[in-house]
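The same subunit A turns up in both complexes below, where it pairs with subunit B and then with subunit C.
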Partner chain A sequence: MHASLRRVYWWLIAPAVLLMLVFYIYPLIQVLWISVTDPVPGLGNYSELIDRALIHRIWMTTIRVCVITTAITVVAGYIVAYTMAQVGERQRTWMMFCVLLTFWLSVLIRAFAWVMLLRTQGLINTGLQELGLIDQPLRLVRNEFGVIVGMVHFMLPLAVLPIYSNMTGIQERLVSAARGLGASPWVAFKDVYLPLSKPGLISATILVFVFSLGFFITPALLGGGKVVMISEYIQVSFEETLRWGQATMLASTLLFSVFLSLALVARFVDLKKVFGAR
Partner chain B sequence: MPEGSTGARSGHALSLRNLSKVYGSLAAVDGVDLDVPRGSFLTLLGPSGSGKTTILMSIAGFVEPSGGSILLDDTDITRFPPDKRNFGMVFQGYALFPHMTVADNIWFPLKVRGVSKADASAKIKNALELVQMGHLAERYPSQLSGGQQQRVALARAIVFEPDLLLLDEPLSALDKKLRADLQWELKSLHQRLGTTFIYVTHDQEEALSMSDTIIILRDGKIEQQGVPGELYEKPATRFVADFLGKSNFLEGTVGEVKDGAFTYVCGGQPLVQAGAAKHTKMSGQVLIALRPEKIALTTERPAATNAVSGQITAFNYYGSAYHFQVKTEALGDLIATTPAWTCAIEPSIGNTIWLGWEPDASVVVRDR
Partner chain C sequence: MKKDPRVVFGRCVVYGLAWTVLAFLVLPMIIVVPVSFTDQYYLSLPKEELSLQHYAAFFEKEIWLAATLDSVIVATFSTVMALLLGTLCAIGCWRLASNAAESVRTFMLTPIIVPTIVQALAMYRFWIDLGIMDTYFGLILAHTLIAIPYVVITVSASLANFDVRLEQASRNLGASTSQTIRWVILPSIVPGMLSGALFAFTISFDEIVVALFITSRNVYTLPKRIWDGIQDHLDPTIASIATMLIAVTLALLLTELWARQRRRARLTARIEAGEG
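Coming up: the complex of A and B.
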């Protein structure tokens, strides 16, 4: 490419670069900076990761909730996406509409809706009691169960969409070929369809897990202070205990753990391929 | 498998009894009766929408017939699922598993029958060698050319010694030269295996070159069936004469009938046709099909029984042959072909030439 032309292109992307620098890179650097300077310069904040049992517990909760949420969401998302790929055009349009519908509702409204459904006098408990299935109301909310229900509900479209888009690229003829060569429906699925839908499964898993790690509103509302995950604790540190050093340290750690999980996955799969960049 | 086989395998016979498949109000297959002899190479030939693929998919078990039955050596398999039929199938576009190597693709039908890869290795190797692909066993399908993929698909379809081999337009995606090569290979493979082949195509050349029997389908029904030569020489209808090869159609009024021949008048020109005046309409009209290569082209009036003169309006040169379009006074536009190296006329537009043919060169066909 001609050198002067290249300069023109650099100028054309300059506004975007500037925007990133001012609104994204600069605050990020500041977060990192505070984490090693407040209250005193050094790695004191980070030593809490090792020393403080509370932070251990919060991290363990976060990881446990994220892993369970991711597992359930990806399996459920796979089933929904598989169904969408098999049904007729009309049903598919409706299913897609229902999947996307939750995107258009505020996350707050969805969390509160789950609280209404799951609380002690909520629809589910009263319903089960009136049916005589239970004597005492079940504890469905303000615990990990409630948090996971709410998170799975929120994350489901994020799993369905990449899996479904991958499935639309799988030739139905390959499954027919497997059947014709003597494979039972299950074997044809397990040996042909499932391996071919792996890229969609992996991108859905990454997407859901990374989103879950930093999730705030749903765990905060459905956990009701009982299930404290990292992002909620960051908020508490920032706004209530005013320990900015600790808050920024946790935020930075969260960011690193996202990078770490991506790096781990990248060891086994070609991420560029999974996310369609190649 | 071929090497070391006793040669006792004679293939299986398949019969369709009044087979039909209805989609909504449209009958894709409409009461087809068909017997596929043991070990034969049978081709279902027809334009798109003629029902040939639906018939093949019914035999394979991917399409459930609306009526009728499918028998394999007297066993009714109409309701069998595809994986219980033990048929090999080569799909249009090959349908190789992209996440498996060539060897694993070929192992697949053995694997689902409970054969370990170690036990299958000799068969995999044999099948690959049969299609001359032994050196590419560890490649992935995406690393192969179209012709190579086609060979792998074939090897995969025959490695488990299926009762029948079903082929759905296997050569349609290949270029002309490769297609011609693979026609030879398929035919010789058929001879070596002895397996019954059922082949679907819309390409009349493939059908003629490989088949023992051709079934010509039209609108879900069998239009005509027979050995290739018989179908080409004695097409029963205008459709067959036009679809299998090319034909000129002469429509005339029957005149005198005598001595196994009759005269007819076409555009004022009296002509003679061998055989009986079949399929005449109420008005006495008869339809004659005349193959372009059976017309002799000369500069002078020929001694042939039927002769008309005309002007060349267009011609194509194919190296081995000339194809001419000739405008005649009485018969309208005719096409005629002749080997290029024995071409007796000057190929130039506007040139007046004579077309001649004998009464037995053309055939009477039904106008449908």
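Coming up: the complex of A and C.
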């Protein structure tokens, strides 16, 4: 290609890149900068990560909820994707339909529906009480149970889609061959199918974990102030106490954790594939 | 080969589990529909009769309609901007096909990875400096930035299937860059642009975290009203909005499935005609 032609194509890229640099990257750098300069220059804000028990607890809650959510989501997503890869065209279309409908529906609406179902006077509690199965309403919301239910619900499509798309490339003949050579159904699955589906499984795990770490809406609504994860605490420390130093420090730490998780897994998988850039 | 009973049993268990998971996925949507027709003044299933009062509340109350209008305005403008910038960027990266262009494309994905709360905080600070807090322009700019990566991804995906030689042929026949883009590249990436636009619109229409930070009174989007409604007293109007949104999502999804099936049918017909 001629140099002049190359320049034309760079001009196509330029507006988007400039916009991103000025209005997205620069503000992010500003956050990092404030975290080490406000109220006084230095790593004072970061020492809270070590010193303050409250912040320890919030990070522990965040990591616990994220790990549990990721584990449940990936296992459940694998089961759905595996079934989709096995059943006939008609049933698969229906299953895909359920997944895509959930995927496209507003996050806020889904969180709302779960609050409606799970709260003390919610449909599940009143239903169970009318059936006489329980006397006291169960505590289903404003605790980690509620948060995890909502988060798994949000993350499931994000797990099913990459796992399934990987499975469509697996040759079923390989499993048949293993069976023909005398492997039991379980061994054929475990030693042949599972390793072949590992790329999709890893992609799903990364996606779900990374998105869970910074998730705000569902934990804030279903946690009801009782289960405070890092994202919500950033909002609280910014809106209620106006402590910019602390808020930006936590935001920077969250950003680093996300990039660190990605950097760790980038050694094993091609991240561009995970995010669909290829 | 005779079916091994263990296989049959195992398969039934797995399929059963899969459908249970899917039931869990659609359960909230199925419940919210009857609740929206409740005759009560609080969130519950209809007791005596079906009622449209919560739909009426949505269409009669100024705040809900104004919020919907705000959301539509913001989503429309940010979709157009994201589509324009994202498509051009994807075309440029695809045609240059160098390592640098590849890095640019990866760089454009940043907003997907950065946690929403972090970007909201960052924008809040910078938007104050720029003096665009609580303006339509400010929110449209923010949503454009968030949506660009999705357009870049979907358009890049459809460009991956596009034959570069068509573009070269067009140039050899004397077309300029803009003519080539307009008449050769664009038509073949329309499906990618459409799904990118759909992504952009949905993301903006649904976005709440950044909106909570950078808007207050002037711009009040639908998600912000819904957020308030959930926090306050679980306004049943939200159930009617939820039902309408489910209906729209359903309609879009069905259209998409139908279009895909038609494309496939047409392709099969063409192949058969060609062979016959």
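Points to keep in mind about this one:
The rule is short, and it goes like this: the second predicted complex is superposed on the first by the 253 of 278 C-alpha atoms of A that agree within 3 Å, B and C clash if a C-alpha of one lies under 4 Å from a C-alpha of the other, contacts with A are read in each partner's own complex, and residues count from 1 in each chain.
Quick note on the criterion: contacts are C-beta pairs under 8 Å (C-beta built on N, C-alpha and C of every residue); 3 or more make two chains touch, one makes a residue touch a chain.
Since the model is a prediction, treat every value here as computed from it, not as a measurement.
Of the two partner chains, subunit C is the only one that A:Ala16 touches; subunit B does not reach it.
By the touch criterion defined above, A:Leu174 lies against subunit B but remains apart from subunit C after alignment on the C-alpha atoms of chain A.
By the document's definition of touching, of the two partners only subunit B reaches A:Gly182; subunit C does not. Looking at the superposition, the partner that touches the larger set of subunit A residues, subunit B or subunit C, turns out to be C.
In the superposition on chain A, no contact is made by A:Phe154 with either subunit B or subunit C.
In the superposition on the C-alpha atoms of chain A, the part of subunit A touched by subunit B in one complex and by subunit C in the other spans residues 184-185. Residue ranges on subunit A touching subunit B, taken from their complex, read 171, 173-174, 176-185, 187-188, 191-192, 195-196. Of all residues in subunit B, those touching subunit A in their complex are 60-62, 81-83, 86-89, 91, 93, 95, 97-99, 108-109, 111-113, 156-157, 160, 166. Residues of subunit C that touch subunit A in their complex: 4, 6-7, 10-11, 14-15, 17-19, 21-22, 24-29, 31-32, 35, 43-45, 85-86, 88-89, 91-93, 95-96, 101, 104-119, 121-126, 141, 144-145, 148, 152-153, 156-157, 160, 177, 202, 205-206, 208-209, 212, 223, 226-227, 230-231, 234, 238-239, 241-242, 245-246, 249-250, 252-253, 257. The touching residues of subunit A, counted against subunit C in their complex, run 5-6, 8-13, 15-17, 19-20, 23-28, 30-31, 34, 76-77, 79-80, 82-84, 86-87, 93, 95, 97-102, 104-117, 119, 123, 126, 153, 156-157, 184-186, 210, 213-217, 221, 231, 234-235, 238, 247-248, 251-252, 254-255, 258-259, 262, 272, 275-278.
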